[in-house]
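Labels for the chains are A, B, C, D, E and F, by order of writing; each one numbers its residues from 1.
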Amino acid sequence: MSEFTHMNEQGRAKMVDITEKSATFRKAIAHSSIFVNKKIYQQITNHKVGKGDVLAVAQVAGIMAAKQTSTIIPMCHPLPLSGVDITFDWQLHEHENQELLITVEVKTKGNTGVEMEALTAASVTALTIYDMCKAVDKGMVIGQTYLQEKTGGKSGDYKRDNN
Amino acid sequence: MSEFTHMNEQGRAKMVDITEKSATFRKAIAHSSIFVNKKIYQQITNHKVGKGDVLAVAQVAGIMAAKQTSTIIPMCHPLPLSGVDITFDWQLHEHENQELLITVEVKTKGNTGVEMEALTAASVTALTIYDMCKAVDKGMVIGQTYLQEKTGGKSGDYKRDNN
Amino acid sequence: MSEFTHMNEQGRAKMVDITEKSATFRKAIAHSSIFVNKKIYQQITNHKVGKGDVLAVAQVAGIMAAKQTSTIIPMCHPLPLSGVDITFDWQLHEHENQELLITVEVKTKGNTGVEMEALTAASVTALTIYDMCKAVDKGMVIGQTYLQEKTGGKSGDYKRDNN
Amino acid sequence: MSEFTHMNEQGRAKMVDITEKSATFRKAIAHSSIFVNKKIYQQITNHKVGKGDVLAVAQVAGIMAAKQTSTIIPMCHPLPLSGVDITFDWQLHEHENQELLITVEVKTKGNTGVEMEALTAASVTALTIYDMCKAVDKGMVIGQTYLQEKTGGKSGDYKRDNN
Amino acid sequence: MSEFTHMNEQGRAKMVDITEKSATFRKAIAHSSIFVNKKIYQQITNHKVGKGDVLAVAQVAGIMAAKQTSTIIPMCHPLPLSGVDITFDWQLHEHENQELLITVEVKTKGNTGVEMEALTAASVTALTIYDMCKAVDKGMVIGQTYLQEKTGGKSGDYKRDNN
Amino acid sequence: MSEFTHMNEQGRAKMVDITEKSATFRKAIAHSSIFVNKKIYQQITNHKVGKGDVLAVAQVAGIMAAKQTSTIIPMCHPLPLSGVDITFDWQLHEHENQELLITVEVKTKGNTGVEMEALTAASVTALTIYDMCKAVDKGMVIGQTYLQEKTGGKSGDYKRDNN
C-alpha cells in the first residue's frame, strides 16, 4: 500500500509532499484521438484552407486546460508550465471514420512531473473537437488517451512501448 | 457548411446563439473507462473495503468538472446543472489489465443539451484515477470516451448503438 | 440513511437531482466573526475615516466567493445569484480582543437554497480580514460560522434560535 | 447618491439585488481596437491566408472571457449567456499604424444586461492580440473601449452617438 | 500604520511586494471544526465503515481550496504548494452535539508563508461537511478557525498557546 | 515570420517554450484610463471622503485579475507574481468629461515578463469602474491601454516614448 502515495495516515487522500524533491527540467508527451465520420473529416480539413478552423479552437482549449490541470485534478500540484505544444495528424482509414491523432508536449522546470498536464490537455483538445462538430454527428468517439513518454525526475524516464 | 454552427460570418468560431431555444428538461449519459494492471485493480478494490478510496476522489473531480465545463470547453454555453451522478463498474478480463467503466449522467433544465458536461466529467474522472495510481504504473490507458444517450431538445433523442 | 441525499446507489457522493424542484425566491443569512486585538481594532476603525479600508477588500472577497460557491463546494449546485450584501458590526468587549460580526445576505430565484453561498461568503470575508491584518498579529481567531435564517423552498423556512 | 446602486447602507459595495427584475431578452454590442505597426499588420493578415491565425486565438479568448465576466468584475451578476459573436475589421490609415476594430455582440435571456460581458470580451480580445504580437513590437496601443448599444431591460435601450 | 503592509501610498490595498524575500521551506497548520448533532455524527461515522464517506469529499474540497487560495483571498500571493494534508478527530462530548476537529497542514518552498492556504482549506473542509449534512440539520455550527503554528520565513516561527 | 514565436510548426498557436530562460527580476508598468462625466466624477471623489469607494473595489478587481492573467490570456505563462500595486490620478479637463488615469505596476522573479499581467490588471480596473458607475451613465469610455515600461529579461528594457 506504500505505493499509494496519495493516501494519508487516516487512509484518505492528500496532496503528496514534494517539498524535498528538487526542481529539474521535465517533459511529458501524451496522446489522445477522435474518430469522426467522412463529412466531419471533410469539413475540418477544408476549413483549414479557408478561415474557420476547428483545430485552432481545440488547440487553444488544450493549452488553457494544461494550465488549469491542478484546479481540475484534485491531488495535482500547481506547476509553472514553461511550454505547451499541441499537434494534429490524420490517421486515414478505408472505412467510414477517420482518426485525428492529438499529440501534446508539456515542459516545466519543477518539483514534479507534467504527465497530468499533457494528458489533461490531450483530453480537452479532443472534447473541444467533439463540441464543435456534434451538430453534424453525435456518434464521434474519443480514442484512447495515454502517456507516450516522460523525462526528468527521480522516478526516471518512461517511454511507452507501442507494440 | 451550414451545419458548422460554431462558425460566424467571418469563418471564425462563435458561441452559437441559443436565445430562441426554449428551456426544457435535458439529460445526457456518457462513458469513459480506464485500463489498470492487476496491482492497481487490487489496491483500488481493497481500498473500498478500508477507508481510502481512489474512486471517491475521482468522483468528486468528475462532478466538479461537469460544473466547470463551460470554462473548459471554449464554445460551450454555461448551464445551471440540476444533477450529476457518476457510477463505476469493473469489466473483468482474463488478461493482465482490468477495465473500470465510468458512467456519468447529467441533467438540467436549460436551453441546450448537457452532452459536453457528461463527456467532460467522464474524462476528468478517468484522468483523476490515472493521477492517483500513476506512482504504481504509468502505463494505464484511458479507454474510449463517448456519448451513450441524450434526451430533450429540438434535435431529438440520441441513443448510441453499441453493437 | 435516506436523508443523506448526497449519496448515490453505490454509496458515493453525487450532486443531488433538483430538476423537479421549482424555481422560487430564496434568501439566506449567515454569520461569521473575527476576534482581533486592540491594535488591529484601532487600525481597522481608523482606516475607515481615512481612505484605506480593510473591510472594503474583505467585502469584495466575500461577494466574489458567494458567486464561486459551486466551484468551491463540490456538491453545490450552480445558481444565478440575484443579490449579495455584507455588513459589519463591532461587538465591543472590555477585554483585550474585539469581535467584528459579519452578516451576509444572499438572494436568488432558483431551484435550491443559497445557504452555502451565504456561509461561504461569510467565511471568506473573515479569512480576508485575517490575511490583511496578520502582519500585526497572527493570533486572530475566526469565530463561529452558522446559518442565521433561510426562507423559500419546499423544506420550509429556518430561523436559528440564538438563545 | 441613490444612483450608486452598488453601495449598501454602510456605504460599501454590494451586488445589487435584481431578484424582482424580470428575465427578458437582452443584447449588448461593445467595441475595442488595437493599433499595430506595419509589420504586425502584414503578419496577421497573411496568417489568415495560411494556417496560423492570431485572430482565431484572440476570438476564443474573448468568448471565454465573456463567460467569465462575473468572476472577473466583482459586482457583476452571473448570467447564462445565450450567444457571443466577435468580428474584426481593419481601419486602414496612411500612417505607420493600422487599427484593428473589434466588435463583440453578447445575448442573454436574463434579469440584467450584458454590457459588462461585451466590454470584457472586447478588452480581452485586444489584450490577447497584444500578447501574441508583443515579440515583434511592445509599442502596440489598445484603443478606446466602449459600449456601442444595448437593448432590453427596464432602463431602456442605449445607442452610442458616434458623432 | 507601517505594519499595515497591504496598503499602498494612496491608502488603498495592494499585493505586498515580496520580490526581495528568499524562497525557504515553510509550513503552516490551521484548525477548524464543526459541531453536529447525534444523528449526523452517527451517519458520518457509520459511513466510514460502509462506502459513502462525507469526510472524503470534504477532504478533496479542502485540498482543492488550498490550491485556489490566491484566487479567493484578494491580496494573497500565488504559491506553488508542495504538500497538503487534512486529518479529522472527533471530540466527543456528553451533550447532544459532537465536534469534528479539522487539522490542515500545508507546505511550500516559497517567498511567503502558507498560513492563508491552511486556514482557507480548513474553512472549506468545514463548509463542505455542512453542505453534505444540511438536509438532516441546518443547525450545525462551524467552530473557531485559527492558525495553530507556522514555521519558516523571516518573521519567525509562531505557535499558538492553546491554554 | 520567425518572430511570431506563438506559432508552432503546423502554423497554429502554442505556449512558447521558456524552459531555457533564466528566472530574473522583472517589472512592468501599464496604463489605462476611463473618461467619466461630471456627475460620476463628483460621486467617485466624494465617496472617497465618505466610506463608499468605487476605486477600492476596482483596485481589488485589478489585483485579482493580475493573478488570473494566465487563465484569461490563452498563451500567457503562469507566473508567481511577487507584487502588484495600482494607483489612480485624475487628469482634469475643462470640458464635461474627466479622465481617471490608472497605473499598474507588477513585479515577479520569473522566466518571462509581466507585461500582460500589468495590462490585464489595468483593463480590468477600468472595466470595474465602468460597471460600478454605469447606472449613472453608459457613455463612459475606457481610454487607451498600453505598456509604459518593462525591465528585466533578455529582450532588454522598454520605455514608452510618450511624446
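Following the convention adopted for this analysis, a contact is a pair of C-beta atoms (placed from the backbone, for glycine too) under 8 Å apart; a residue touches a chain by one contact, two chains touch by 3 or more.
Note that the structure is predicted; figures quoted are calculated from it, not measured.
S.K.: So which chains are sitting against chain B and chain C at once?
M.R.: Of all the chains present, those in contact with both chain B and chain C are D, E.
S.K.: Have a look at B-C, C-F or A-B and name the one that copies the C-D interface, over half of its contact pairs being the same.
M.R.: Selected from B-C, C-F or A-B as the counterpart of C-D: B-C.
S.K.: Please work out the Cα centroid separation of chain C and chain E, and write it as a whole number of Å.
M.R.: Each chain's C-alpha centroid was found; their separation is 15 Å.
S.K.: Counting in whole Å, what is the centre-to-centre distance of chain A and chain F, each centre being its mean C-alpha position?
M.R.: 32
S.K.: What parts of chain E, by residue number, touch at least two of the other chains?
M.R.: In chain E, 10, 12-13, 51, 53, 56-57, 60-61, 64, 68, 74-75, 78, 80 touch at least two other chains.
S.K.: Under the stated touch criterion, can you name all the chain pairs that qualify?
M.R.: Chain-chain contacts present: A-B, A-D, A-E, A-F, B-C, B-D, B-E, C-D, C-E, C-F, D-F, E-F.
S.K.: Which of the residues in chain C come into contact with chain F in the complex?
M.R.: Residue list for chain C touching chain F: 48, 51, 53, 56-57, 60-61, 64.
S.K.: Chain E touches which residues of chain A in the complex?
M.R.: 8-10, 12-19, 21, 70-71, 74-75, 77-80, 110-111
S.K.: Within their complex, state which residues of chain B touch chain C.
M.R.: Contacts found on chain B: 25, 53, 55-56, 59-60, 63-64, 66-68, 78, 80-88, 107-109.
S.K.: Under the stated contact criterion, what part of chain B meets chain A in this complex?
M.R.: Residue positions touching the partner: 1, 3-7, 10-13, 32, 43, 47, 50-54, 56-57, 60-61, 64-65, 68, 72-76, 115-116, 119-120, 123-124, 126-128, 130-136, 138-147, 150, 155, 158, 160.
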